[in-house]
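The structure that follows is given in the form of structure tokens.
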Amino acid sequence: MMVSRQVLTRTSRIRASRARLQNRIAAAVIWGGAIFVAALFAWLMADILWHGWREISLAYFTQEPESAGRLGGISSILVSTGLILIVCLVSALPIGLGTAIFLAEYTGPEDTVSRKIRLSLNVLAGTPSIVFGLFGNAFFCKMLGMGFSILSGGLTLACMVLPYFIRIAEESIRSVPQSYRMGAVALGLSKSTQIMRLILPVAVPGILGAIILSVGRSLSETAALIFTSGYVDRMPESLYDSGRSLSVHIYDLSMNVAGGDQRAYSAALVLIVSLILINFITGLIGRAWSRRMISIS
Amino acid sequence: MSLWQKDKAFLFVLSVCASLAGVISIFIFFFLAKESVPAMAGIGLSQFVMDETWFASENQYNVLPLLWGSVLVSVGAVAFATPLGILSGLFCHFYAPSAIAGFYRSMVHLLAGIPSVIFGFWGLVSLVPLVARIHPPGPSLLAGVIVLGIMILPTIMVILDDAIANLSRLYLNSTVALGVSKWGALKGLILPNLRKQVGVSILLGLARSIGETMAILMVCGNVVRFPTSVFNPIRTLTANIALEMPFAMNVHRSALFFTGLIMMVLVAILMSTAQTRTSRQA
Amino acid sequence: MDITRNSLHLPKDAPPVTIPCCIKTTNLSLFYGKKAAFRDISLNLDRNSVTVIMGPSGCGKSSFLSALNRLSDFIPCCEVEGSIHLDGESLLEGSIDRTVLHKRVGMIFQKPNPFPMSIRKNITFPLREHGITSKRELEARLVQVLVDVGLWDEVKDRLDTSALTLSGGQQQRLCIARALALEPEILLMDEPCSALDPISSGKVEELILKLQARYTLVVVTHNLSQARRIATHAALFWVKDDCGCLVECGPADQVFGSPREELTAAYVKGMKG
């Protein structure tokens, strides 16, 4: 009896120490993986920050690019980027908001109509951006005769951001408390008033989030713009002019311009910082709006 | 009644918006198809797989090397990112102190927001020279895999993070109460139950990487060939379109639209498989 | 414009036409999908009365209320059978103008639901929607209803602050004021005091008694002593076979004093429910 008991304790002790060893190895591997990812991230950010900030000055933002971007600034590129963004939002916002209201207020999540629309939007969301570029080139530039222009680029981006915008806007409209709707119905308010005056104002932070996400996606996009809004780095004079967006500028400087790397770094830094700033500011606006709804109105 | 009419007009406007948004994807599909008709008629489908290679100026339109490039780099990226995604998920839930986990999550969030052109640029100026030092020429399948892997890591990690959160709520307290070690619990309970979500995240990661253009275009070297090592440069379907669209004419242009169509279908299949899988779970 | 104003003013200016019964339901049933919430309820609600609907939870009291002004239409899978007549007009047959119906039959919910806008706008915004645009008219109604619900002195200095800053009781009285501003004939109240503290609840009760002179009120409540204090008429609902039904209804004195049914007797003594 004594002997077998001793054996038992010994095997269990071995097993326990093996478990402890496995535990330690697992912890090391998991910490290692996380540190690896963090290090890659830090490398990327530090690289762009370190090389990017040197050339940045006020003049960089106010001068037009010279010698294919090797010299000068990015003023015309910022203007083009802004115009493309405005075209994109002006066309995507009404359609997106209308669709989001339709899906959230007039259809249930499982209705046939809304399921079909949502499936179509999901396909759109998954479509590669280069395919949007092809489509925009063939449809807006060639077929509608807009040519390589800010208008073509903005409209192509609008098609691209629409599904994301709709998804978030719909969610935020759905999450407005049902009691507001019932209260409004009980007061005999028409559905349109209910939505425009009551539900949309409450959903503003969410809709704002949807807009910001669209802005972020548009600012980040390159592939869909190369053959829709084009490469021209002059100051655009109208929406029918070709205009180079910031992201296309980065691409062009690094791939097609010998000695453009330094300026590409600066442009990349501007792009990243503006994306982060936009995110941060929306957070603030959203919070301020919620507070406004509660206190003074 | 005027209120009735107002409501009717309102609903009419909304349905117009919704149908417009709903038909865009169908419209894009048919438009691509229409534009690729000249290629299908002029070149014939057989040439797309029988030609020696893809070389437009000599009327060679074999898409297979391009497709193979796309598949290789995507699979490689997913193989690179999935283990890191799993490790990251486990790290945030079970190993990191909550402050670090929060920091790590916001870092991944930030990573998700970085434009692909910046990943590509960083890859081009930082990673490619490093790869070149190990084995020239530098722009290669390997560089593409790493850059793309970092890009899709957030997609994968977000899905797994949610899944692990659910699982740990369900099981972890009971297993800890049974005196199972941390790794034992993870190995025995969390990881096996994670399999489905890992599958979904792989599919979504694949869909995302197949469609990726800029980063790949900038770090992969863009030589049309079947690679024999990870250090060989490759060209993907997407990069091919971006490279050749600016000067493509007639049949060549149409052939590019045809490859775009292939990609749209490919991605749609991957996405819908992922979606049916997710909905089946729910 | 003039016509709407006249008809809106009717309850106040002209003495109400005495139709003894203002809402009449006949064999009214309501289903959520296949499950019936209540079945075959025939009830007459008299003008200028306070009808209290009592009963245990799940007996279909609130569903009954929501059927009376067809709010039930907005609940998915909800079907109503039988008939409801409002001053002789059928509510369930043919197409009715919902906005007019909801203006004539107001509803107060269990949980106060002021809109996230200023106190003033909470009252004027629905009025504008119903075609009242004159500033003076809007202001007059605003003051009138806030005085009516006893909120005027409490809020007159902060009409432009958000309604969400009010306390729960104040919010509920604001919701009542908002409904009164539309000059309804009937006011349906779904447990209007159950989310309030005793003092606010007392104020709302006083208000109900005051409103009885000018409106027809239907109040659902769980609270027996409250029912005794405010009711001129009472109805008891009960659950039979997993479905709501009407046990007894009549003038309050009779229902509380000499009930016909044993169940009612037990309930009003506080022995059941």
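Chains: A, B and C, in written order; residue numbering restarts at 1 for each.
The rule we apply is simple: a residue touches a chain if its C-beta (ideal position, glycine included) is under 8 Å from a C-beta of that chain, and two chains touch if they have at least 3 such contacts.
Computed from a predicted model, the values in this text were never measured in an experiment.
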Subject >> Greatest separation from chain C - chain, by CA centre >> reply: B
Original post:
Of all the chains, which has the CA centre nearest the overall CA centre?
Top reply: A
Subject >> Top chain pair, ranked by how many C-beta pairs fall in contact >> reply: A-B
**OP:** Report, in whole Å, the distance between the mean C-alpha point of chain A and the mean C-alpha point of chain B.
**Re:** 16
Subject >> Mean-CA-position distance for chain C and chain B (Å) >> reply: 57
Subject >> Whole-Å gap between the CA centroids of chain A and chain C >> reply: 48
**OP:** Could you check chain A for residues that touch two or more other chains and list them?
**Re:** 190
**OP:** List, in ascending order, every residue of chain C touching at least 2 other chains.
**Re:** 99-100, 129
Original post:
Residue numbers in chain B touching 2 or more other chains?
Top reply: 3-4
Subject >> chain A residues touching chain C - in the complex, by the definition given at the top >> reply: 108, 177, 179-190, 193, 197-198, 201-202, 293-297
Original post:
Can you list the chain A residues touching chain B in their complex?
Top reply: 19-20, 22-23, 26-27, 29-31, 33-34, 36-38, 40-41, 43-44, 47-48, 94-99, 101-103, 106, 116-117, 120-124, 126-135, 137-139, 159, 162-163, 166, 190-192, 195, 216, 219-223, 226-227, 247-248, 250-251, 254-255, 261, 264-265, 268, 271-272, 275-276, 279
**OP:** Spell out the residues on chain C that touch chain A in their complex, using ranges where they run on.
**Re:** 69, 71, 74, 76, 98-103, 106-107, 109, 111, 113, 115-118, 121, 125-126, 129-130, 160-162, 164-165, 175, 178-179, 182
**OP:** Using the touch rule from the top, collect the residues of chain B that touch chain A in their complex.
**Re:** 3-4, 6-7, 10-11, 13-26, 28, 31-32, 35, 83-84, 87-88, 90-91, 94-96, 104, 107-108, 110-111, 113-122, 124-126, 150, 153, 181-184, 186-187, 207, 210-214, 217-218, 238, 241-242, 245-246, 256-257, 260, 263-264, 267-268, 270-272, 275
